[in-house]
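Multiple structures are listed underneath, in structure tokens.
The same subunit A turns up in both complexes below, where it pairs with subunit B and then with subunit C.
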Partner chain A sequence: MRFLVFAEQHEGEFVKNSLGVLSKAASLGDADAVVVGADAGLAPELGKHGAKVVHVAAGDDTLAPPLPQPRVDVIAGLAPDYDAVLFGQSVLAADVAAGLAARLDAGLNWDLVDVELQDGELVGKRPALQDSVLVEVGWKSTPALALFRSGAFDPKESGGEPEVRDVDVQLEDFSTKVKMVEQAHAEESSGPSIEDADVIVAGGRGLGSPDNFTLAEDLAKALGGAVGATRAVVDAGWYPYSAQIGQTGKTVSPKLYVALGISGAIQHKVGMQSSGTIVAINKDPNAPIFEFSDLGVVGDLHEIAPKLTELVRARKGS
Partner chain B sequence: MSRASNFPPPFSTAEFVAEPTDPADERIEVGILVVGAGPAGLACAIRLGQLIEENPDVAERLGEVPVAVLEKGKQPGSHLLSGAVVDPRGLRRLLGSRYRMEDLPTFGLVPAESVYVLTRHTALPIPPPPPMRNHGNWIFSLSQLGRFLAERAEEGGALILPETSAQKLLALHGRVVGVRTGDKGRNRDGGELGNFEAGSDLVAKVTVLAEGTQGHLTGVALDRFGLRGDDPQVWELGVKEVWKVARPLDRIIHTLGWPLRTGKRYREFGGSFIYPMGEDMVTIGLVVGLDYRDASLSVHDLLQELKTHPKIRRILAGGERVAWGAKTIPSGGFHALPSPLHAPGLLLCGDAAGMVNIPRLKGVHYAIESGRLAAEAAFRAFQRGETPASAVASYDAAVRDSFIWSDLYEVRNMRQVFGHGFFVGGALASAMTVSKGRVEVGKLPAEPDADQPLLVTDRDVSYPAPDGKLTFDKLSSVFASGNKTRDDQPNHIRIERRVPKEVAQMWAHMCPAQVYEIGAEDADGTVRVELAPSNCVQCGAITAKGGRLTPPEGGSGPEYTVT
Partner chain C sequence: MRIAVCVKHVPEGSSHIDPATKRLDRSGEGALNHFDANAVEEALRLKGDSDTEVVAVSLGPQQALDSLRKALAMGADRAVLVSDDGAAGSDLVATSRLLAAALEHEQPDIVLFGQQASDADGAVLWAAVAERLRRPVVSQAMELSVDGGTVRVKRQTEFGYDTLEAPLPAVVAVSDAINEPRYPSLKGIMGAKKKQQDVLSLTELGVDPGEAGEAGSRTTVLALGDPPARGDARKIEGDGNAAQAIVDYLAEKRLV
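Up next, the complex of A and B:
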């Protein structure tokens, strides 16, 4: 089976999620990647993650800004040679995938968490009914288009040097109508974004006050992770909405999730339950979060968190 | 003693009545505009489709979009919740020979029925009192019935607009000329997000408000046009769950008594219903009058307590909860009906108008029948020789000649007598039923639910701790309602944020969806009420108990499928 993976990059940095999808594709069949708006210098990294061929679409200024339609033009030209085109979930990838589905009249399965081959057929796994069950989904049309949740796969370095091919880009008239005027980042944050982070330290109402979010921030910094928040504290204005994890916020699956003062309501659980290791610190021994934590600490997070931060710093020698 | 009505919400009718503001060529013009895709609104749209087919000459005058139906939920049925054992009269008259009852998405005829008076450990069977007899009635999921009716309405040419809230009543020179839909894509402070989409003016010759219980624009219209009935409207709150069960239930069950208290000072009126939904599902719900006084009363938690009764635990044993929801039921009955049921350019029907027979726990058939009659009146406005005024006025006469009127008249004093306490009230209610309403107990005074002086007891200590199997907390229940409302939107719940503690306690316990929390206490003994509006399942209890629910962004709220 031949896969084409959209290798999303911003200013030369690949989105981790799309590298994870590439690694997965390489484990299932022949995986190629397409990178748009950057030069061939990025190709080796895609080769490392399993790409046999890297299609590079550069050279045109209209391709640099992260706009969906030019990317649809690029991929639509390549797609007929492939059985499936795969994307890692992001705002841009969702736009491109949807546009491609319309352009090719091809079916798109989104929000997938896994994919496999069953008797030579591609089968996706998609959580349904508020993540309580996993359903298998298929495709009737080719190429099969799939969009995978953040953190669905870990990037794995398996391959070698890829073949680089330049794409001869034919942009549609309408694709050049939109111009990027200005790019603004609403909330500047240092460290990784919560979708990409391997470690997330999330704070809930148990922190007691907005000022105590420094406990979560310090621990996240020590661990090299990002800070998340529950809906309750975002609602209360303690932390920005962009950090909200849960049913109506972001869905994350870091390797390590540390929950500080989070009770673990199901609305929060569905946003983080696929995390690798879940550590909860909460003073209420009956908090539901302990039912799905790998390690639960019943105690006062105001005492425990700073000590933990110190220990991590000491261990890391920083 | 505090009363919630002493702390009115920041809300004015004037805020929600406006003249059209979109330039004339940008207004969306429709023939007849229906607000609400529930049984009343969809029956109205279906009947209009039939009339249009039968009268092609008149149909032309309705324009390019003859009938539009606004629905604030994700799709028709998303906000529909009821028992529901449905009296088939309304459906039969609406659908005529086109469909048999068996063709509808029903769980069949009521097979048998039992009524029990409960105490904590016992269940005393009593013969079903006359109003509770359900022979010949059919079991439905109202949410599923709504989706079926929506398909029929669309077949008849109606345009259904889901995820669209009706925010303002458009009025020009004293007549209703349509509604303005709500904006989408505003953030918590009201600022415009990237996906902001302004609402639109929808203009129509006749607007039919079929918004269901606690209709936002219905409330506005009642005040704007002075349509309130003799009595203030009062409500009950129903919370229900749907269970997958190991063994089929062979009958419908109603219970009275425990966990409600019978003492007169508590004013706790209500009961439960347990209905089979086919072989493998059961629905169980508890309904309590919102004229209760105890600030620690929580209908959701009482339902959880009810399920621990040995009789009920047996029915649910080995089962699993699959859905949950809550909704208010207007219970003021005949004396609280709006008078008249129309205003210039406007008709009111169904639950929005309070057409519910509380002793029989039924209103779906009135909603359907009133929607059908509203369609006929609205259609007349387009016929030659009719004026819009004579057309809408004909609706009142039609309702008076219908079974809606005679049924509601018969039970006109039934609800209020329960203010005398459960046993006295029960006896009077039976006498009224047996005599078909001829026993006059005199017209009893009615008070708004929010006027009841509050008392605080420790009844909440007996609510069972949620075990996640038989009993559930509110937040996981909100999850089971399918609610995934966008958090970052303006608050749609109007309340006074600083109130005496018992008022805040009452709201916190009352709300089945955990929208209200008691915040910081001030030196003067008042507390601040904290809100989580995105939990809201739009049951409407807050409007009965001293606040005001307005519609959130279209598409918000629960996504009911089997309730």
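Up next, the complex of A and C:
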């Protein structure tokens, strides 16, 4: 089976998630990759992760900013040679995959956590209804299009030098109409990086005020971890965007995730659901976060968190 | 100007998948997908006091009229529902085709979507509809303004904040951070009943039945199974010993 993987890069750095998808594809069959808006200098890293051929689409200025529609044009030209085109979840990748589905009338299954071959047919696995059901999904089109959940696969280095091919891009008139006026750049964050942290203590609106983030910071320090935040508190200006976890923030999978006053909206869940152990403290017994916590504590975090910090300190000190 | 808002009627309460059809059971009580309320609100904000027309558009069973009436009660001017037994079970390919056909009839300057569907967790439809309409698309909008024939959007991605511009007509998906949707007033609810509500069949839409529903879909559901267990989840009430209980739990898991 021949796979094409969308190797998403941002300012010359590959998104880890898309490298994981590439590694998975290479374990199932022949995997090639397509990289858009960057030069061939990035190709060797894709070869390492299992790509035999790397299609490079650069040269046109309209391909540089991370916009979906020119990427649909690029991939639509390559897709007919493949059985499946695979994407790792991101704001950009979802828009590219859906545009491609409409362009090619090709089936797209999303939010997949795994894919396998059953009697030579591709079968995807998708948790549904708040992860209460695991649905096996298939495709009636070639190519099949698949979008995988963040953290579905770990990147693995298996391959060698890839063959690099330049893509001759034909852009549609409507694909180049969106103009990037100001593009986001990776923000410098202070303190330990939340993407690499083994322990994360994250705060939500339930903290009550920006000052109360010290509760999360103190506990994080005691546990030797980093501090995360929900979109709601970042939007409210309580904590910097660089700490935001969720759909439009960081995706994290620490060994321990402590959620303080976080309700557990779906946009937050997608950024932390692959954490090892999840402990949640929330005063609302019906908060959705309790549905995917290993230990749920219904109570007042303003009382519990400082005590917990003290107890952890005492334990580590002993 | 005309703004079309695409909305979805989603099951309310505990939903389940019908084992026979392997589809989400949509026969029970439903409600307007709450993420779509943000899109309706944004359309109404853009309209303001102008003569801009706001049209709510949906695809779904007859009950979806309830959700369209909620949009009308909030202040939308008119509603269009694509409803046909032959459209049930449509996947992204088929759904985007049907919605795009309905939108082609309306010729809106702006098409708005909410950030995702709360039932299928899908966050992809706008890009497929924009492709079929051959219009520019921007997603995750947290600020939206229209100046002449240009829409300007500030949005948040995994990397921070982008500012983008697109000429109209355009398709924009808004984030739920963009506004706080209003509650319909009693007057709005009463007035909604009198507003125009059109229900279109596949024939009226001009879409071949082979291109809709399961026949027009390119994905299938093969089997339903149990998810991998999350271990033994525990829930405790936070009395005076909660902090100690957490530490004991972490110690047991060798996390402290």
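Everything that follows uses one rule, which is that the second predicted complex is superposed on the first by the 184 of 318 C-alpha atoms of A that agree within 3 Å, B and C clash if a C-alpha of one lies under 4 Å from a C-alpha of the other, contacts with A are read in each partner's own complex, and residues count from 1 in each chain.
Quick note on the criterion: a residue touches a chain if its C-beta (ideal position, glycine included) is under 8 Å from a C-beta of that chain, and two chains touch if they have at least 3 such contacts.
All values derive from a computational prediction rather than experimental measurement.
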In the superposition, subunit B vs subunit C on subunit A residues touched: C
Touching partner for A:H10 - first (subunit B), second (subunit C), both, neither: second
Which of subunit B and subunit C A:A236 touches, first, second, both or neither: first
Subunit B versus subunit C as contact partner of A:G249, first or second or both or neither: both
Contacts of A:A40 with subunit B and subunit C, given as first, second, both or neither: neither
Contacts on subunit A seen with subunit B and repeated with subunit C across the two complexes: 231, 235, 241, 247-249, 266-267
In the complex, subunit C residues that touch subunit A: 15-17, 22, 91-93, 96-97, 115-116, 118, 120-132, 134-140, 142, 152, 156-167, 170, 175-177, 217-228, 230-231, 233-239, 242-247, 249-251, 253, 255-256
Of subunit B, residues touching subunit A in the complex: 468, 475-476, 478-479, 482, 484-488, 530, 532, 534
Complex interface listing, subunit A residues touching subunit B: 130, 231-232, 234-236, 241, 244, 247-249, 265-267, 288
Residue ranges of subunit A touching subunit C (in the complex, touch as defined): 10, 15, 66-69, 72, 90-92, 94-99, 101-103, 105-111, 123, 127-129, 131-141, 147, 172, 174, 177-187, 199, 223, 231, 235, 241, 247-251, 255-256, 266-267, 277, 279, 281, 283, 290, 292-300, 303-305, 307-308, 310-312, 315-316
